[in-house]
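Here is the structure we will look at, set down as structure tokens.
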Amino acid sequence: MSAIDRWTERLTREMARSTGRRSLLAKLGTLLAGGAAVPLLPVARGLAAGTPIHNQAGPDPELDGPEGDPTKCEYWRHCSIDGFLCSCCGGSQTACPPGTEMAPVSWIGTCRNPGDGKDYAIWYNDCCGRGMCGRCFCNRNEGDRPIYHPYRSNDVNWCSGASSQIYHCSTALIIGLAEEAQPEQ
Amino acid sequence: MSAIDRWTERLTREMARSTGRRSLLAKLGTLLAGGAAVPLLPVARGLAAGTPIHNQAGPDPELDGPEGDPTKCEYWRHCSIDGFLCSCCGGSQTACPPGTEMAPVSWIGTCRNPGDGKDYAIWYNDCCGRGMCGRCFCNRNEGDRPIYHPYRSNDVNWCSGASSQIYHCSTALIIGLAEEAQPEQ
Amino acid sequence: MLRLAIGLCLALATAAGAEEVEPDDVGRSLRLPQRTEHWVWLNEPLLKHAKLLDGDSGEVLGIVDALGSLTGRHPLPCRERDETYVLETFYSRGNRGQRRDFVTIYDSRSLEVIGEIEVPPRTADVGHGLALGAVLDGCRFLVINNQEPANSVTVVDLESRSVVEEITTAGCALVYPVGERRFGMLCGDGTALLVEIDGAGHRRRLTSSEPFFDVVEDPLTEKGVRNGEQWMFASFEGYLHIVDFSGERPRLADRWSLFTDAQREQSWRIGGLQHLAYHAPTKRLYSVVHQGGKGTHKDAGNEIWVYDAERRQRVQVIGPPPLLAAFLRRMSGIEPDSWTAWLMEAVIPNQGVHSVVVTPDEQPLLFVRHRENGSAGVFDARDGTFVRYLEEIGLGGGLMVVP
Amino acid sequence: MLRLAIGLCLALATAAGAEEVEPDDVGRSLRLPQRTEHWVWLNEPLLKHAKLLDGDSGEVLGIVDALGSLTGRHPLPCRERDETYVLETFYSRGNRGQRRDFVTIYDSRSLEVIGEIEVPPRTADVGHGLALGAVLDGCRFLVINNQEPANSVTVVDLESRSVVEEITTAGCALVYPVGERRFGMLCGDGTALLVEIDGAGHRRRLTSSEPFFDVVEDPLTEKGVRNGEQWMFASFEGYLHIVDFSGERPRLADRWSLFTDAQREQSWRIGGLQHLAYHAPTKRLYSVVHQGGKGTHKDAGNEIWVYDAERRQRVQVIGPPPLLAAFLRRMSGIEPDSWTAWLMEAVIPNQGVHSVVVTPDEQPLLFVRHRENGSAGVFDARDGTFVRYLEEIGLGGGLMVVP
């Protein structure tokens, strides 16, 4: 078992533990290309079955101003987002707008929550299957990397795993605390 | 033969005469609906076979300012146009942009040429089969009528007769002199 | 390889602390909240969709696609079935290839696509986007205006989700519902047509009115508003025509002038896209007007005149908000209360509005919209107080539908 | 009926007079004029097409569709075949249903669709739109970057108009042509990959370089520029990497800093979309730069630095024009020379540019573009003189391709 394999196994176990309720089916793998071991990401995750009634997750209660407002680009979870904010499109920072499908794979950012000063790992899952929402375009690139480093790249259309790859808007889900800050911090 | 039938027959003959080179296949008809004789238009016309090399028809030499400039909404032929000006999209006021198809039917306007003070009948043929051009949107409504009076209605997507009904831009072709001015003049 | 592993580790980690924000569930999509009377659908022709907004909050609640026409056909909501219908045209190669037309069926609560009905590929495509399809009362039938080659309508049974038949309506166009199995049309000979279908949706009878308007000299705009079994249409010259479809044969029930002689002399004129709105409980008629000559019947209006339709009197004048300045401010990323925003509002001309719609309830909202940049605003319809802008609706579109 | 006949008569008439303007021919479509070196393709993601413009006149020459991706994939022109290729994705129901991907083939002179090649429905869709497909030298083969599930490329034979094969390139992405049957890629382990195909387009050999950059600490942007068999990539931290694909194995041929230590201290940084451009005859490198921190590698630049790439020295600084003010002026319908236009330019901040491209000829033009509103301008690349705005390109898009 290579170092990478061991690492992905540990990661999978830890993610499953830390995310609790989620039915976690993280698929991580490696492929050999040109003799170099390179991780094949993104992370595929299971989807929660429930479709809640309208539930605007709403602003972070402990934060004032745009850093606590999920309809603003300055919202703290948006530090590596690239797209239309689902909170402006009938969804929220954690759920897709009515009639759209959350893709099971995403890119990952690490953002500092000004409320507790901690760094959180964020999944920027895209909502898919309907044309561009067009509202609240936001592009911030802390920790963004080129597409040859895909799970860190916000440029990729992350609707790949959904039933239609048409992009509608982006969410910003908390995975858990991050071990380290962004390279940028 | 009804009055309308005689009228359409005369119209067809006169159009063929006045337009000379065109291979004119004007199809005019009437249909009975609810007991009332109502003309079924638009006029279907044959398409000239030749596809000329780039030939920006260009401004009217005798006219200064926007009234003589086919890329301007104020151009005299545009008095009843509704859409993107083909002159701004790689075409001209008389020819479609490269790769698009001129629909064989159109609505009809009557515009006064400030160069000679005469009223001309204008065919606003749409160019079709490619998405909206998006440049030089122009809407003028002299003589425009609602869609139950279809061949006088610039609101209709006149790509109906083309192989794809996707609208790209609009031209403004001279048919000949008009017998009467617009009701608006 | 070590460096690579470190890079990967940056993103993900265990969470042992007690105070941190809880992890989120993955894969959730929202449903709509409970419907209120203050919702409105706004089309967007460039993005080819329609947005559902709440007039009370200004928030976007959801979006449905509307592909393949000039304007993006607006949604056709049906309360009895909790369904929303959109007429769409698809080509096998985007803008080329084989054309197919569909009624796309959405669940009105989840906005999920729950079905489709293929219809003859002749659905009318018209820039104004109005009265090209309608759900008849009771939501059993949907009627679509076809355009090519001759005028006709397609009758769709929404219960069996199938096409019943195509009825030729040569010379007549547009669909104005007046009952469960009855709808009106306007015709090129200056008449109105009443189309009646039977319980299965088949053609029962077509009945024409007497000619009552002049399609050349003073035609009726297509932008009528409904009042029960009557429809009100304004003519280009500003006469309101009340067409009654309740009897065996449609007829002009009434006709009155929206302008006094003095106002006509000052060139006041109707115009716009959805330039009329009617609020039945208060009998208030809202009319977008401007000063202009013939041929300006689609121009935006810089005033909204409010009439008591019973007394046939103008009772109020509402001035539209500076929608273009608000639109450009938002596009430029300028804060609403800034000096620059104030300057933009002062410099950029108020271009008026093309469209008005009013909600049907007792505390009605009046929505207004400018079709060229799609910007919109909300008034209290009772007293004409401006309530808010609807921000970032899109980049174009002038249609509004109260579901 | 008389009134109706009069109405119809209004439009059409005989023409007996001698002086009137001649009737026009119906049904004509133009071909493109003779190609010059100063043409450029500009994408438009909202209208989902790309416009071809003449930089000398500022005129739009023609438009091709580009459906089904975030940005509208840019055209891939091929001079030898007089063909232009666009990668497109179509769904059977607009934004839903079955996905099919195609290479749409245009005649470069008429912009007519003259063919299509269906390809595996996995073509990569990436916001920046760069290096996702490329025509190899000589125009025999087109290579497409796939994205899902694993990294791979599809090789298309343009002569037989068929897919030859899919080559797995796990961990490596993007396509940088370096010959008739050779192209480079960049990889997640900090290496470059050389892919060689045989005369039929089948996989011949994949060869990796030594690792030469750090994908976490200082990755290379995807926005490289070609110089023969070498590609130049800037790293986030502003080091230019010259990667040589001419040998058996790709290698880092050279690496130099775009900034002095003093400039680094002032936070000068590369950034944008197509932030590099290279003019081989004069060895001039154009680089979009701004002052900012880490994470600003996609931000627009308010300066364009011109380097002599041989001497590795900055030789000029070009300041971008106020594109946003020009864009909003045009949208507001305000005349260029008016007081209002002047005021808008004074009030609305200059947001810089994201992209630069340069034409390859001896009198080169430098095109610049801001991706958020799609506005563009033209400079004389030799002396940095501003030549003109390219007006009304669309409402978004930052890509430019010189055909």
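Just a few scattered comments:
Which chain is which? They are A, B, C and D, in the order written, and residues in each are numbered from 1.
Just so it is clear, contacts are C-beta pairs under 8 Å (C-beta built on N, C-alpha and C of every residue); 3 or more make two chains touch, one makes a residue touch a chain.
All values derive from a computational prediction rather than experimental measurement.
Across the two interfaces under comparison, A-D and B-D, the one joined by more C-beta contacts turns out to be B-D. Spacing of chain B relative to chain C, judged by their CA centroids, is 28 angstrom.
Averaged C-alpha coordinates give centres for chain C and chain D that are 38 Å from one another.
Contacts with at least two other chains are made by residues 1, 4, 7, 10, 46-48, 65, 67-68, 94-96, 113, 188-189, 215-217, 395 of chain D. The set of chain A residues touching two or more other chains comprises 37, 39, 130-132, 143, 149, 182-183.
The complete set of chain-chain contacts reads A-C, A-D, B-C, B-D, C-D. Considering their complex, residues 1, 3-4, 6-7, 10, 46-48, 65, 67-68, 88, 90, 92-96, 102, 104, 113, 116, 188-190, 214-217, 324, 328, 331-332, 340, 343-344, 347-348, 373, 395 of chain D touch chain C.
Listing the residues of chain A that touch chain D in their complex gives 31-40, 79, 82, 129-132, 137, 139-150, 153-157, 159-161, 164-167, 182-184. Contacts from chain C toward chain B in the complex involve residues 68-70, 89, 91, 94-97, 99, 124-128, 147-151, 168-174, 185-189, 191, 193, 206-208, 215-217, 219-222, 293-298, 372.
Chain B contributes residues 3-4, 7, 11, 14-15, 17-22, 37, 39, 45-48, 50-56, 88-92, 94-102, 104, 108-110, 113, 115-116, 118, 120-121, 123, 125, 127, 130-136, 143, 149, 151-152, 168, 173-180, 182-183 to its touches with chain D in the complex. Touching chain B in their complex are the following residues of chain D: 1-2, 4-5, 7-17, 19-33, 44, 47-49, 52, 59-65, 67, 106, 110-113, 392, 394-395.
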